[in-house]
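Per-chain residue numbering starts at 1, and chain names A, B, C and D are given in the order in which the chains are listed.
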Amino acid sequence: MPTGVMRFVSDNAASACPEVLAAVTAANAPDRGYDGDALSQALDAAFSELFETPVVALWVTTGTAANSLALSALCPPYGGILCHEDAHVENDEAGAPGFFTHGAKLIAVAGSGAKLSCNGVEERMARIVKDVHRVQPAAISITNATELGCVYTQQETAALGELARSRGLGFHLDGARFANAVARLGCHPAELSWRAGVDLMSFGCIKNGGMTAEALICFRRDLADELRIRRKRSGHLSSKGRFQAAQLLALIEDDRWLRNARAANEGAERIAAAAAGRLAYPVEANELFVRLSAREAAELRAQGFQFIDWGEGLARFVVSWDQGGDEIAALRSALAKLDDAQENGSEVLR
Amino acid sequence: MPTGVMRFVSDNAASACPEVLAAVTAANAPDRGYDGDALSQALDAAFSELFETPVVALWVTTGTAANSLALSALCPPYGGILCHEDAHVENDEAGAPGFFTHGAKLIAVAGSGAKLSCNGVEERMARIVKDVHRVQPAAISITNATELGCVYTQQETAALGELARSRGLGFHLDGARFANAVARLGCHPAELSWRAGVDLMSFGCIKNGGMTAEALICFRRDLADELRIRRKRSGHLSSKGRFQAAQLLALIEDDRWLRNARAANEGAERIAAAAAGRLAYPVEANELFVRLSAREAAELRAQGFQFIDWGEGLARFVVSWDQGGDEIAALRSALAKLDDAQENGSEVLR
Amino acid sequence: MPTGVMRFVSDNAASACPEVLAAVTAANAPDRGYDGDALSQALDAAFSELFETPVVALWVTTGTAANSLALSALCPPYGGILCHEDAHVENDEAGAPGFFTHGAKLIAVAGSGAKLSCNGVEERMARIVKDVHRVQPAAISITNATELGCVYTQQETAALGELARSRGLGFHLDGARFANAVARLGCHPAELSWRAGVDLMSFGCIKNGGMTAEALICFRRDLADELRIRRKRSGHLSSKGRFQAAQLLALIEDDRWLRNARAANEGAERIAAAAAGRLAYPVEANELFVRLSAREAAELRAQGFQFIDWGEGLARFVVSWDQGGDEIAALRSALAKLDDAQENGSEVLR
Amino acid sequence: MPTGVMRFVSDNAASACPEVLAAVTAANAPDRGYDGDALSQALDAAFSELFETPVVALWVTTGTAANSLALSALCPPYGGILCHEDAHVENDEAGAPGFFTHGAKLIAVAGSGAKLSCNGVEERMARIVKDVHRVQPAAISITNATELGCVYTQQETAALGELARSRGLGFHLDGARFANAVARLGCHPAELSWRAGVDLMSFGCIKNGGMTAEALICFRRDLADELRIRRKRSGHLSSKGRFQAAQLLALIEDDRWLRNARAANEGAERIAAAAAGRLAYPVEANELFVRLSAREAAELRAQGFQFIDWGEGLARFVVSWDQGGDEIAALRSALAKLDDAQENGSEVLR
């Protein structure tokens, strides 16, 4: 990444945290292949403790794999998955859910902040005639924190979980930024997952200080055997799994995962305070969606800020766990200057 | 891995080599996500130089993924893939080729040492009636070095490549132990790959000193765009790809890959010399298939040797790049003692 | 079907026309299996003459099969298919396109009368970022006449065909009611198909007087070999294909297909004239979408009319080729009476 | 089919029997679409009576569809199906099982007469290591009568059924020539199906006097809902299902199916008597595998006999339900003449 650059483009651009790298280095000794090594074997216990319930925890190599594997176990090839129209599984995984499920249909539902509401889901389901000609829903999938930086509360998650249960649907949680949601709400991770009815979830590691490992957490342990096979079959059973397990164990030890997420959230919050009038969505995690004119966007880029254009007049800024105060302060100040310019009429011709 | 243990169970049990770990550590700085980082962008050039031809090189997370992605680009869902009946793709990937190709048929062919011969392939093809009822072959897949530790020479590979070309079939090479084959033959890697007609190959890294990365090498660069999509769609586009690229670049720098493979091959050769009368297949790479009675196998295990039973009366020993002379010497000596015991009649009651 | 019943529920409820039944009866003699018989072998020529261009014509057993097979040849598993949000392929085929294409994504587009417009398609495409994370469109699929009884003109079809061509997309036509569209426009079938850029189409037979056969017409004959294999592989290669071919040949002989469609269209037109104030869409084929209150719908049903509720306050009536003037007249009169009642204030409390 | 031709090439070349054609003709009146019509609704009861147990009976359009649908309900995408290496599902369905199951692996087992034995299955299973790397069997599939004209007895079927049950495997029966097996054994159809542990079976109609319909019989009625969806999704839910149901009902009425099968079996038996020294397999149904030199085969073809070369020096003759005594007698006589010629030394130069 060129020097002078201040990256807010993605938390995938961040470094791995020192504890993770140290754990990987420490893992570099001979051990059994695949998931037979000591570290991989320790995963279930570590995550069971974290979630305060017995789980099976499987490392995989990407969030896409974690999500798609989960969906493939919750939805038959001929079923449907209710998800938000802005969901990562719908838009950003190159059709991976269709690949892993063998053609199940993603049924997109609208909702503010990329959040599903019970009403929204029920209305969508009501439009699906119950016959053999229509794809029938088999699962609900949510992302927390969402793709638009918003957070489902414990109550909102539990309400969707109850809806899923009552309709016989599986309940999947894309937790690429689960840490940011838990950090935001200050709740126990169980409250946003199995206590709220979640069956399977991906537990994000890479965006939050990891390197190459994500976790697929099975609250429904009856699905674990099938998922182990599907993991192998999709090429996600790493042959030196200890390097994957090490990252996950290091990240959840001593709540490192929450500290990393808090750092990112706080950075976002501080920027949000400086961009209050420009925010398209509430800033509840580590992402900001900021209204910018084309000229403003160009100006920020000229100053070295990296971010993504998010459709017409909107820009996405993502704060990473490893971004020190300087970059945050610089962006705050740059955004404030834009506002001054605006007030001073420099944008009147816009 | 318990102390006192001498592992010959798999090269997946080996450590990563220091250069690889150092490269991963060095890669831990912010950079673009996915394969937009500088290291990932350097892969094509590095492998093009290695192979002396322009290639596209894609990191993936497992050999299974590399092989299955390659097959999915060479064979339509309704086609067949000619492979050896002992091939990894046939037996050890949980049906991954069926998953990635959407149901293509592996057509198993016999052959000594897990090697396909042109005759064997042609005979098998002759039995396939050319009509719409039979699955028609679309590709040939070989493994070099093979699953039984044997090596295809340049001539053998080129003959199969010519057969593939003349029949309009794709040609895939499973190169999980490609380094061992090249090291054995002392030839240029091009001679065992594109010059011999190979279209796509997996280039093994993990067994040979890597951690979590394998490479899919596209000699047919026209397939690269499709493969990039398939990689993403199957969840193999790592979001911090620099950690994957770093491993591959470190391994091929200064011929580290060949030095590692040579070390493993030489260890195997030395053991072979001590087990000459017991070898089921020629030892041409880093694997030995040794005839052992149940009692002998138990005896070796009691001494701390780890290996895999390979069907009736046969055991597989794999030597890794990082196994020092002590373990090799110990196994040599243990095997020699078995022979002495045998000669002294201690096995007469068997 | 109970006596006294007047069916407007679906053209699938209609009988087969006498010529079709006679042809099936005449086909009942020994002949080669699958598509080796004389009738199946005559299909290409018959449809080539009909369309005035060399085509390959394959019988299949359902419209769903014809559509899905076509899409599987035009769109790779990792591609997308632009279609109307009310399209049969999107809503009424139980996810068959996902099954046959191995998980390709249907990308729904809005548009009045279930018709795609070039603008609508272009706007939708503009929202698809061109990268590896998004499913990229590979084909456009339209239905003519549409699911809402509207018709694409030659110009509209050609404009979409040109758009498809310019973007490198395949162009598929669901022609379950193609006959009704051609009959409506009075044009040559070529003008609504290959001359307008259509690559593959399903040619509806069953709704229009057939029994168990539909045709998949390949204007792109280079795809025919692949489609023959896909037909077999999906279980649609009937083993006594002569019974399938006979229906298709009988239907297109002497323009029977157009006469049947004209009869159905004219019935619909006559009903439309009696329901003018209640029509949700222009009546351009054999379907009417009529605004009815719940009480009105119940009243009509009480009189023996069968039809389908089409969401809130709307009812679908389909006229079949074999519905004589009596049923048509009865429905006209019943609809007129509803209007009288409405005018007389009997609905004021609604 | 050219005149003067005597077809023994396939029972797919036979005509439909008069009762079937009459039933189809009688079915040509308006009725509900898909399987809502009176005839389709009568199928379950009719087959439940035939099998003396409650079943769900679904018409489909081909035996390939019936078999593949059944396998897709008995075997997950990541499972294996044990079948004979000469099985139709393995060799003659263009990979349809792979398509419908989404990539499940057919695991071929040897056995005389294309019959699986319990020993053969158990030996094959013993070679499958029980880990995540190997595809694990989920189902057994047999064909009765087999592809080589042999018949599983009630005891043999029940033994395989018990083996399947004890190993937790589904049990599928390809009954394309089930009628011939029942006719041969003179047993009740239940004894060769559910009483022997069969879960799902295809019930052949087309080869035995039908036109375009086969039946998928669900003894495991808990799988019926899923299979109805899979039938639709694979394009096998005919929109005028009454024409399909009519054929099946007509065929099983008054044991017409058994009479047709008996006629075919008896023809085969009579020919077998004339070819005793040349038979490669016992003739237990309506197929004969006759050893013929190339010259003999040519001679028979010159006389108008049609049959299929079945590998080196073998020819397959199939007798259909509708083949009168003349063709049978002609073939008997022709075969006898070959024998005379052979005895007289005319073949000494062979």
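Rule of thumb we're sticking to: a residue touches a chain if its C-beta (ideal position, glycine included) is under 8 Å from a C-beta of that chain, and two chains touch if they have at least 3 such contacts.
Quantities reported herein were computed from a predicted structural model and do not represent experimental measurements.
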Legend entry - Copy pair chain C, chain D: interface residue numbering same or different (half cut): same
Legend entry - Centroid-based (C-alpha) most distant chain relative to chain C: B
Inset, instruction - Would you mind pulling out the distance in Å between where the CA atoms of chain C average out and where those of chain D do? - result: 35
Inset, instruction - State, to the nearest whole Å, the distance from the C-alpha centre of chain A to the C-alpha centre of chain D. - result: 52
Inset, instruction - Could you list which residues of chain A touch at least two other chains? - result: 34, 77-78, 93-95, 99, 102, 132-133, 229, 232-233, 237
Inset, instruction - If every chain is a node and every touching pair an edge, decide which shape results: line, ring, star, complete or other. - result: complete
Legend entry - Residue ranges of chain B touching chain C (in the complex, touch as defined): 34, 76-78, 102, 132-133, 136, 226, 228-233, 237
Legend entry - chain A partner contacts - residues on chain B that touch it in the complex: 1, 7, 9-10, 12-16, 21, 24-25, 28-34, 37, 60-66, 68-69, 93-96, 99-100, 206-207, 210-212, 229, 232-240, 243-244, 320, 322
Inset, instruction - Going by the contact rule at the top, pick out the chain D residues touching chain B in the complex. - result: 77-78, 80, 91-95, 98-99, 101-106, 127, 132-135, 311
